[in-house]
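Below is a structure I'd like to ask you about.
Letters A, B and C mark the chains as written, and numbering starts fresh at 1 in each.
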Amino acid sequence: MALLELRSISKTFNHDPALDHVNLDIEEGTILCLLGPSGCGKTTLLRIIAGLEKADAGDVYFDNRDMAAIEPHRRNFGMMFQEFALFPHLNVMGNITFGLKMQNKSRAETLKRTREMLLLVGLEEYALRGVSELSGGERQRVALARTLAPRPKLVLLDEPFGSLDRALRERLLLEVRNILKRLGVTTVFVTHDQAEAYAVADIIAVMDKGRIEQTDTPENLYAHPANETVARFLGFHNLMEGLILPDKTISTDLGVLHHIDHNCTQGTEVTVLIRPDGAKIRDGSQPVEDRETIVNGIVKDCLFKGRNYHLEFQVSTGQVLVFELSNESRPSPDGSSLELILSPSAVVIMPHTKLLNRTIHD
Amino acid sequence: MKKVILQRDGFFLFQDEVIPMKKYGIYFFILALSLTVLTGCSKGCKPDDIKVITIMTHDSFSISEGIIGIFEKENNVNVRFIKSGDAGAALNQAILSRENPLADIFYGVDNTFMSRALKAGIFVSYDSPLLSAVDDRFELDTEHSLLPVDYSDICLNYDKAWFKDRGIAPPESLEDLIKPEYKGLSVVENPATSSPGLGFLLATIGHFGSEHYLDYWKELRKNDVLVTDGWEDAYWGQFSAASEGVRPIVVSYASSPPAEVHFSQKPLDEAPTAAVTAPGTAFRQIEFAGILKGCKNPEIARKLIDFMLDKTFQEDIPLQMFVFPVNSKARLPEVFARHARLAEEPVKVSPEDIAQNREQWIEAWTINVLR
Amino acid sequence: MKTIKTRYSMIIAGVPLVFLAVFYFYPLIRIFNLSLISDGTWNLEGFGKLVSTPYYVRTLWFTTWQAAVSTVLTLIIALPGAYVFARYRFSGKNILQSFTAIPFVLPSVVVAAAFHALLGPRGILNTWLMNDFAFATPPIKLDHTIWFILMAHVFYNYTVVLRIVGSAWSRLQPSLTEAAHMLGASPWKTFRKITFPLLFPSISAASLLVFIFCFSSFGVILILGGPRYATIEVEIYRQAVHIFNLPMAAALSLIQICFTFVFMWVYTTLQRRASITLYPESRSATQKKPVGRRQKIIVWANILVMVIMLGSPLIALVIQSFRAPDGFSLVFYRAIFANRAQSIFYVPPVEAIAYSVGFAFAALVLSLIIGGCAATFIARGGKRITSILDPVFMLPLATSAVTLGFGYIIALDRPPLNLRTSMILIPLAHTLVAYPFVVRSILPALRSIPENLRESAAMLGASPFQAWMKVVMPIVRRSIVVGAVFAFTVSIGEFGATVFVARPQTPTMPLAIYRFLGQPGIMNYGQAMAMSTLLMLVTAAGFLFLERIRITSGGEF
């Protein structure tokens, strides 16, 4: 039995459906990430779990208990807010002890726990600082310590890294994951940034327009986005329509593609995703292995990104595909033609959706 | 600012909360306690067996502590007072509360308000035996539901020193005020908002007649008369003898000069101000008291009315309120006898006339003098 | 969960609503009933007369006009002061701030006396001008002019703007204006484009209070303006008391209430649109000692304005209280401590002070409870209901004391509300006038608290009440102190309503002052001035006490 179960949660704001029959299970000890573009309903879902918002329909079960009648302050969940919402009238210490005092913990225990928390987030020296004297990262850590101090049974994080700069974010991501894992606390974590989600989550639930599109481990999600929406949100842009041929290859505008997914029926229309990391430059007359496909096109733009090249590649149909190429060989200059070899493992098939002519940066 | 409390194990404790809330709590507790004591006292501190008789009156009412004490002792009652604003406001409240009167006796209806009070029918008549000592002129209500208690004359007062210094003759009549040499010298009160103001307007109506008084006022306006809304502003704000004002003539009472002497810092032989008491220059204001219909202690109320008309009370009135007692047997205090003068022939305007025309006269006055 | 939230907000809204229903609407409805309905039919003659008589239309126009001009003038003069108080630290600031509120408590007769002493025809200034510059007549003629009214209104209301706007300004991060400067905005432009919009909620709150205060101005108009000027309030008094034309008085009162409601409604709509979330920041971060010539000049110029505008009449008053005909002495002070006239109504100053302070603290507590609940409800409640309730909560401030006083007489006359002679009525009446100040002081601060602070308190296990006590209260504490100071001030100086509900055995200091001024004689005048000086002292002491609570109660934010 999952620790937290969401059953058919729905919610509308001013007649706009914000959540549409959402179901979700979260096992004890896992970090689940709600990933989705802004306005997809992920924060609303988080607030419904917290009890700060009431669902129009559906149930929240925690530890097999219906939470409907339980007020937020009696749930013993921890929540970290987007701008941290530190209490400006209290110092670091006052913020961290707040929850402990609400639980009427003894003074000794309060002090002990607070010290643990300060140590945990590495802010021992900051106990008596006012919150306005802290930097962004320090505030974030205080907020985390404050959230964790009362030993919540479930931790909810709402875009916890949203307001931090990139370098700080990358460092803290790991720190936060380590802290959460060390405590073994069940966590629901909201973000719109896939990199954050990959780095922190055990399970990712991709949301769009009030629905959960896919729930999976980061690895599976990356390997097998369930549909076009998920694929696009994960940053995949190489999408095209295709038709499964009798030999299970796919006929597309690029030609016939091989793939490794055998769960498909002949004659069905599908959406094909070519993952950007599944291509390499064909070097002269390099022989093509079995099931690999050669694609011809023109280099539109090529950026060196350190570990790899970011290539925008226009194929004969006019579509621009994006690839991450290994940095071993430099592609030809912009405007010149190029041959790429696609590996079948880079080809993912998904249920058919009518593709819109979107630009790659949407 | 931050208070740091060091714990035994050397760890810091937070400074902020708990303590101040306790502190507030203490303040509130003290406050609540004192309030309870206060309210408890006002209800519980008087013995239960003693009856309470209440007099409702206006803000200017005053009497000596000892005098009331005499009555309380004689009748084994407590006398309580309710003051409710100026004479008009107090009377209106008495009228409004007629279903369930706030008091046993109302004191302070004057002859300008008398008709309103009688029309409202809030008083019961009482033919006090002590009325025999009161001049019939004062008994305007023949039913005796309102009994006269005191009177005073509303008239012009002037700053003696001012006129003496400048060698100008002080005013002797209403007509003097419109003479060129008195230009810009006088200050009067608005009859719409002040009872001396109304008294003075009535004096001019009585003197010039209701057809001609406006002509007089128009002249007065041309002669730069200053109008204030209340006696306080006129006397304390504009009158040269009493304050930083520059106007040496003010509408006040004929008994104001003795007050100037009585309330002087050093004993004075002569009042710094004088009242104009020549015939046809003053309006006589008579103040009445009455027993309120439906009062709780009519018996004692009658006794208190008798007491108010009797010598003891009447002799106390002058120095408390600076008005004259109606009881002709009452002796005036020395400072009063020496410095107070009565108007020789105050103008006559009947309460009925006043009741009937009051609003119209005031309106006409307002249009002609103020706008 | 929804039901719990609803119950919670019902209690919050219930406290002020029940209070208003019992001590405001019920008496008003009773008196309007009595005035406007005779023999079962409505007597609406008054309304007809109101719109058809040019005089009343003019009165209404004048009332609005003078209130608007007074408000603008007060803003112009007090905003720089608010800036200086919010941004700079200098010694004596606390005392100066307390002192700016003293005018607020002084009865208008006393203020008139102070202005006369200073600016009257024989006042200090005119005497000096006539002596040294050989003017034949006093060159300053302010008496009974509109200027006197406007000056007095600025004098009274300076502190409202200073406190309310100052407290918001000190929470505004200097980085915002610095950013604007860096983007090339001139100081004036920065003020117009950044500071003013950010301060708009508090500026409009202060303006509204000043406006309503001037709109229902009574004593100042009567005494300083003279009979040529009449506001609706004055006219109501005239109709109700002197003419006893209750239908007319009721019609005027209703008009006054309707006008206030409309102003309030417009204001509420404006403010809702302009509501801005500010993070409460550390005060020490925003205040600094003035450095450099420019800043010093700014600070000193404002102090000078305060001293001249507010200080000089007060000083003149104090001087009067010591100036006996034969030189300076304590004779007036000695006199107020002795019952020379043997009057039964003699008020020992200590007793008057005790009653005044006692009532003021009771009114303060009541106002904080009622105003706090009202503000909390308005800050959180639904848009539709608060846009009606917010104006309703402000109505008592602009309701004529005489109307309400008469209402009390007929409405509170039987158990369980047999309060006509109870002294509880005094703090209740004061609360009615004082709590709107608390609402307006706290509301901008409450609105500026981000919702997620309350939510994080809830997530940390705090019940709504705990969240309110431990998070909201401390953050708005400074605004609460501002509200408390106002409640205290309003109560201690209240006269108009007190006159109807106070009893001779429970006199307040303003009543005692009026009692002295009721009779001729220099001793009476001097004692009134001495009592006024005491009133000023007691008020200042009260402020210092309230400010001390703020300082001792832990860290600032």
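We take it that a contact is a pair of C-beta atoms (placed from the backbone, for glycine too) under 8 Å apart; a residue touches a chain by one contact, two chains touch by 3 or more.
For clarity, every value in this text was computed on a predicted model and none was experimentally measured.
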Open item on the list: So, comparing each chain's Cα centre against the centre of all protein Cα atoms, which one is closest?
Closed with: C
Open item on the list: Among all chains, whose Cα centre is located farthest from the one for chain A?
Closed with: B
- [ ] Starting from the mean Cα coordinates of chain A and chain C, work out the distance between those two points in Å.
- [x] 56
TODO: Please report how many Å separate the Cα centroid of chain B from that of chain C, as a whole number.
DONE: 29
TODO: Using mean C-alpha positions as chain centres, tell me how far chain A is from chain B in Å, no decimals.
DONE: 83
Task: Residues of chain A touching at least two other chains - done: 89-91
Task: Where chain C touches two or more other chains at once, by residue number - done: 470, 474, 555
Open item on the list: Touching at least two other chains at once: which residues of chain B meet that condition?
Closed with: 2, 15-17
TODO: Over in the complex, which chain C residues touch chain A? Could you list them?
DONE: 1-2, 4, 279-282, 285, 450, 452-453, 455-464, 466-467, 470-471, 474-475, 477, 555, 557
TODO: Under the touch definition given earlier, write down the residues of chain C that touch chain B in their complex.
DONE: 34, 55, 109, 112-113, 116-117, 120-123, 138, 143-144, 222-223, 226-228, 234, 237-238, 240-245, 284, 324-326, 331, 339, 341-346, 358, 361-362, 365, 402, 405-406, 409-410, 413-414, 420-424, 469-470, 474, 499-500, 502-506, 514-515, 517-526, 549, 552-556
Task: chain C-facing residues of chain B, complex - done: 1-3, 15-17, 19-21, 23-24, 27-28, 31, 34-35, 38-39, 42, 59-68, 80-86, 88-89, 92-93, 95-97, 99-100, 102, 116, 190, 192-193, 198, 226-230, 232-233, 235-238, 240, 242-246, 252, 256, 259-266, 273, 319-320, 322, 358-359, 362, 370-371
Task: Contact footprint of chain C on chain A as seen in their complex - done: 50-52, 54, 68-74, 76-79, 81-83, 85, 87-91, 98-99, 102-103, 130, 132-133, 146-147, 150, 156
